[in-house]
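Written out below as structure tokens is the structure these notes cover.
Chain lettering (A, B, C and D) follows the sequence in which the chains are written, and residue indices restart at 1 in each chain.
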């Protein structure tokens, strides 16, 4: 068990609808990737929803390693313009 | 010698400068192409100027046959916009 | 440069004129301005649309719009760029987004405005939810826009 | 459609807003508007330019602009198009030409506005004469625009 880190999580659009909340703050084990976090958060959900990951306002790949204090956002493909 | 026809001729931009006038009306032999007319009008001029031909407000090729009452315009490549 | 997220109905042309008056009016190096305006239609994917909610990610959206315009300034050597984008409740004919670029020659402005719009469509975190009168639905991106490095099916 | 040749300084955005208010304001089928504005620079081909005279061929110019916009309406399935072009005496920063198109989707409006500008540059009978401070000179077209069926060297 590594050190515990605090993560600030945000959900947008259809991901927020699925999660039933727009944000949460969690304390979790270190050495977690963004996709690992997503799997943890959605363990009990069945969905084929496409999701994008952003950490501290930057898109990241699924293997991006999280660190203490990160703001992580999960959302569907964007539809602006 | 064919029938005589009346032609209304206009010059624009650098072609007008070269011709020293902006328009003229001439009576001329029939069976003349637009390029034939241009050669006639510029017989005494030396110039490598590019010229475009329009008859009755339509671009035409050099072999376009003129008829009585046509409005013919000679001008350099256009530079609008 | 101007990047703005607007939460109430706006007049895109007036915004453009105001910005131009302040920043660009007397710049005689500008030969070309290219402007794109996106407005809300009353139909989408074969259905009538009565109204729309536009959501964004405050902070990240502004950051990406700024990066997108800065990239266009570098790549297309434009003089300046502007993006203004609505969020909140929209009705048909309401302006959604205005993109403008200014350059010496037309090719650069045309290409830059187009590039900004295409990047905005796939990178800027905005989401549309439509009210079709029969209920609400999240708008799906065009097929060509569905994949990025960080998109995953779960 | 609006085609206009203007012989005094004009406000292109105001003209656009006025036209849109009259003709297009309440058309909820429009999702995209693409606008190009050409303005006079104070330099060209490496020289300073103090002012410019813009000449046209009354009748033929309007005819070609109308044809160009009609072709774009057909080819790109746009809803409407506008071209306004200055003639007469112009100073740096003065608007020269505004082209606007309206369509359902952005691709069509972008392509139509671009196509109208490119056609206008090679087909519409306008000619520019610049005052460089050292004298007047007729502007030469870009190399790519120099040949058409009816161009001949004499």
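We take it that contacts are C-beta pairs under 8 Å (C-beta built on N, C-alpha and C of every residue); 3 or more make two chains touch, one makes a residue touch a chain.
Because the structure is a prediction, the values reported are computed rather than measured.
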Item to check | Common touching chains of chain C and chain A | outcome: none
Item to check | Steps needed, at fewest, to go from chain A to chain D via touching chains | outcome: 2
Checklist outcome for this item: Looking at Cα centroids only, farthest away from chain D lies chain A
Next on the checklist: Need the CA-centroid distance for the pair chain B / chain C, whole Å please.
Outcome noted: 50
Checklist entry - So how far apart, in whole Å, are chain C and chain D when each is placed at the average of its C-alpha atoms? => result 25
Item to check | chain A and chain B: spacing of chain centres that average the CA atoms, whole Å | outcome: 73
Checklist entry - Which chain C residues touch at least two other chains? => result 38, 106, 117
Item to check | Per-residue overlap in chain A, given as positions that touch at least 2 other chains | outcome: 81
Checklist outcome for this item: Listed by label, touching pairs are A-C, B-D, C-D
Item to check | Residues of chain D defined as touching chain C within the complex | outcome: 13-14, 16-17, 25-43, 92-93, 104, 106, 109-110, 113-114, 117
Checklist entry - Which bits of chain A are touching chain C when the two form their complex? => result 10, 12-14, 17, 35, 38-39, 42, 47-54, 57-62, 73, 75-81
Next on the checklist: For the complex, give me every residue of chain D touching chain B.
Outcome noted: 38, 54-57, 59-60, 63-64, 85, 96-97, 117, 120-129, 138-141, 145-146, 148-154
